[in-house]
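Both complexes below contain chain A, partnered by chain B and then by chain C.
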Partner chain A sequence: MTLAAATPLPSDRREKGHLAAASALLTPATAVVAVMLVAPLLLLLRMSFNRFDPTKLMVEAATAENYTRFFGDAYYTDVMITTVVVALSSTAFCLLFGFPIAYRLARWQSRWKNAVMLLMVLPLFVSSTVRSIGWMVLFSHGGVINLAATSLGLGTMTLMQTTTGVIIGIISINLPYMILTLQSVVEGIDENLEQAAESLGAAPARAFWRIVWPMALPGTMIAAVLCFILAMNAFATPVLIGGPRFHMMAPLLYWEFTANNNWPFASALALILMTTTLVMTVLANKLILGRQARA
Partner chain B sequence: MSDTAPSASSLGLTEKLEWLARPGATALVVSGLITVFAPLILTVYVSFFDDKVIVFPPQGYSLAWYGSSIPQFISPLLTSLKLALLAGGLSLLFGVPAGIALSRYRNRGTQGIGTLLLAPLTIPGIAIGLAIYVFAITVELRTELPLAGSMALLVLAHVLITIPWVIRICLASLTNHDRVTEEAAASLGASPPRVIWRVTLPAMRNGIVASGFFAFIISFENLEISLFLVSPGMSTLPIAILQYLEYRLDPLIAAISVLQIVGIGAILFALGNFANLGRVAR
Partner chain C sequence: MSTLDIENVSKFYGTMAAVDQFSLNVRAGEMVALLGPSGCGKTTTLRMIAGFVAASRGDIKVSGRSIVDLPPHKRNMGIVFQNYALFPHLTAAANIGFGLEMRGIGRAEASRRVDEMLALVKLDGLADRLPRQLSGGQQQRVALARALAIRPDIVLLDEPLSNLDASLRSEVARDIRILQREHGFTTIMVTHDQDEAMAMGDRLVVMKDGRIQQTGDQEDLYERPETAFVASFIGRSNLIEGHVDGQRNFAFGGEQPLLLSSDRRSGPATMALRPERLALRAGREAGKLTGTVVVGVYLGAVVEHAVQIAPDKRIVVRQASEPGNRLCLPPGSEVSIDWDGSAERVFEAS
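The block that comes next holds the complex of A and B.
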């Protein structure tokens, strides 16, 4: 009895060693994130309650006027509505195109599969600036689509500086994320389950909707939320395809910062964008996955 | 028998739907692939146009833009390369130990830190850029350290956004790692740092190589954060391309973009041997 109390338990000593080792290994990275992300974001939150002054630029204050200005002015709420509409519709199209591609890719067996996977990964690592160039060539006034439309007698047709053009550009950028995430989701579903359903008399479509889709839903939600977040934060595509008169939240924030020097309002915009995105993703998860859990 | 009759007729209907669904799904697959790849292919095509103004059909083809694109963008290109090398190297230095710790010690505390370390992935780049700039100016006013617009701050900001990638890839490369070899080394008298150096790090070599290259690419391609942190007169390649495109669209900008795509493609192709790319990108 006394022996056990006198010598510390080996597992206890090991715990302490683990704690020391874990903190030694984790501290450098955590310090970078604390100094470069947590502290700056907290400052941004504080700054969003400051007051903007045209001559002195920023005055220390504790006012909610940057937030009331945003929600009270139809110009700004319209920018938020445009951003949400673009994000939701591009995500819907990513799902529509992404699921069949991911499904076929997952069930495909070929020695070319690795090469095709590489082709899918490549666009993810090419900047959105570069990936907008092709659309600018297609959409512009002397561009391919306009030429085709005029030669077919459909009149002029330009997608530059339109919401449709921006949505297409964002689908193009986000679709590979959707495909790669869904492909792994479908690969995780045993193909035998579908075959079993079919051998029991279910048509392939029925087997898909009753077996594959419910199992794929949680992973599909993760992919959709990722696409939605990326679209909410899009910067280069709305600037390049949308042009100076098309407004989404990220370009608006940058413009308030550079052109108007209004740091307090830009800070409020950043926080409104982050909060809206967070609230919408949490709500979507609750609604869709919650319903599935009850079913 | 009475059971099979209704199910046979319903099967007829679903078969009809099936007959319609297959070409429908194929149409979706084709449209999706066009949406992803058409702009890239078109950029490659336009980069070979002879004329400075893009007109269809082109007057002729030439490779001249490739020759003139690099000298035109040499300064932002070198800045981006330097930045990406420094950021990639540093994020390995910070991220690999964190990846080892997160895979070894799983409890509530490390899980919380893991979430924090991956947070830069989900916060908008434009908000991170603004926050770091504002923070740097505030610190600068108090301490008179020349932070805003410095290369050091830009590198640290890029380290912040590349650390999550390094950690994710390191965690993936350690999932099948057997801790028994580490325990054997420790029981034979190796000190903990020596165990990491001689056993853990060699085991995750492929993951480290892959995450270094991914950090390099993520930093090289970053636009939003760099926009806030470059000093006047300094530019990275994505910023230079954005500013050029706001005024002009010509084969020159297509050529520098194609060179960039080819460079990244070559790195990814080489990395295909080191990591499961599809898994890493998710």
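The block that comes next holds the complex of A and C.
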């Protein structure tokens, strides 16, 4: 920069100088990503092809047995299916509950808006473990929900150690992310557009589906992907609410890694979980946004 | 086309009246401009006509039928928004056809009418462009075509020229005016720009603080302003505040009071004088006012002098320039100012 300023350079050479400066500035970040993210991932990939030995633990090898074990055993594939079902349904419910709230918030003009936004963020200050324990108090046998249900003569309501309970727990954790993301998405859509649609004869619901929804779709996908990834990797909620007989991928991975010391299989599980999440995200994007682009 | 009757419409936010007792009758095919500074209530009035803001009191009728209880999508108003509000994910043709689609008009008929509209606003060939691929002027024409495609009862234009380059404005104003005249759509337009209002409206409504100051055509407002605000807002006026005594004397702080050309009620008053209706002469002889030149500026077609007429009052005099005639007087020159009685407007302080 100082050189360029001192000696007048032709504009294209000066541009090259700027580019060089830009790449120089990017180098530390690139290095950090390479060292902290890419290298461990490559290491993980390498480990997933090693063999596990109960006495010697990890043995250097080049075998696919960890992968064949996962895909060959219904126990493991069922864990993956449970994980995907829980992640998909919790994301769907987050979207269902979150969009109306986010829309209202975005279009709300009130001095209370900031206070309500703060309320929305507040749960994020409490760790998911603490919040799951809160749900346990509500769900457990002598818990609030069961007491209420039995005293109203509805029988017992079992939510503890059920898929429904886990989904409710995950929704409560992911909903703020969904609402905050969607709220900024809706705020980016000019309110005049809805009014223009209404003035042209579209009832409010129709104006929403024809104008707001297609414009909000890309941002909504981002919010949904965020929730989906969080749910796919949920740990505390399935462990605490789901109990010992409920299995999702993240706790399973942790179990293999720590209790069984089976690093090769845990590495394979990690890569399978990551790939599944990634593939589903990319597919959803292609399917939904691609269809919109053609429409 | 339809008539629009606005009867005593008010809008309150809490106890604050954003629009207070607004009444206006618009003839079929007429174009009325609502004009006023920001916060005067003109936009709120437009939004009440469109149905986006509910009127607190009063009635709005289109061709005699009350519409105040109808939601916006049943009012059949063609609105051009200030920022155009084109649907960014739809092509120009789909934008224009949106209202037809909402009305369930068949594909063939709709596409015929879209083409007709594209031709009307001279955008043929740009049907498949997205709004972001169009220039500001083209976007504005799409917005206009979209509003007209539904064959609205009333066309509402919200600051139609404010987002255009200065060089385009007079051209677009003329185009809209010609279109409006040819097709005779009843139009309400809102603007804060008096030139825009003067150029486009058949009649103008000047508003301030939620109230109508004056309704009339260009000449009414310019030549016969009813309030000091209108006198200063439409064109330029020198406003001189002072006091009328029992006679025709107007004391304003100058050496001697001014002699008014007609009788006025005693009390505080404001006099408005158009700069171009004043005659300036060197010397202190004949004239209603005397003063000292502060500065004279030669502007080509006109010469403007700022003249000190009282210790705390300056007025501007504008005269047509004449070739070869040294009209620009040096600062400090003693001058007298005269005017025809008809140029003098006196507003009693309310």
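Just so it is clear, the second predicted complex is superposed on the first by the 258 of 295 C-alpha atoms of A that agree within 3 Å, B and C clash if a C-alpha of one lies under 4 Å from a C-alpha of the other, contacts with A are read in each partner's own complex, and residues count from 1 in each chain.
Note that in this section a contact is a pair of C-beta atoms (placed from the backbone, for glycine too) under 8 Å apart; a residue touches a chain by one contact, two chains touch by 3 or more.
What you see is a predicted model; the values in this text were computed from it and never measured.
With the two structures aligned on chain A, chain B fits next to chain C without clashing. Once the two structures are superposed, chain B and chain C can be ranked by residues of chain A touched, with B on top. Of the two partner chains placed by the overlay, chain B and chain C both lie in contact with A:206.
Our angle of interest has its tip at the CA centre of chain A and reaches the CA centres of chain B and chain C; in the overlay it is 80°, to the nearest 10. By the touch criterion defined above, A:180 reaches chain B but does not reach chain C.
Touch criterion met: A:214 reaches chain C, while chain B stays clear of it.
After overlaying the two complexes on the shared chain, residue contacts for A:66 are found with neither chain B nor chain C. Contact with chain C, but none with chain B, is seen for A:192 once the two complexes are overlaid on the shared chain.
After superposing the two complexes on chain A, the shortest C-alpha to C-alpha distance between chain B and chain C comes to 5 Å.
On chain A, the surface touched by chain B in one complex and the surface touched by chain C in the other have residues 201, 203-204, 206 in common.
Of all residues in chain A, those touching chain C in their complex are 190, 192-193, 195-204, 206-207, 210-211, 214-215. Partner chain B is touched in their complex by these residues of chain A: 17-18, 21-22, 24-26, 28-30, 32-33, 36-41, 43-44, 47, 96-98, 100-101, 104, 114, 117-138, 140, 142-144, 147, 168, 171-172, 175-177, 179-181, 183-184, 201, 203-206, 229, 232-233, 235-236, 239-240, 250, 253-254, 257, 263, 266-267, 270-271, 273-274, 277.
Those residues of chain C that touch chain A in the complex are listed here as 50-52, 71-79, 81, 83, 85-89, 98-99, 102-103, 146-147, 150.
Residues 7, 11, 14-15, 17-18, 21, 25-26, 28-29, 31-33, 35-43, 46, 54-56, 93-95, 97-98, 100-102, 104-105, 109-110, 113, 116-117, 119-120, 122-128, 130-132, 134-135, 138, 156-157, 159-160, 163, 167, 192, 217-218, 221-224, 227-228, 238, 241-242, 245-246, 249, 253-254, 257, 260-261, 264-265, 268-269, 272, 277-279, 281-282 of chain B are the ones touching chain A in the complex.
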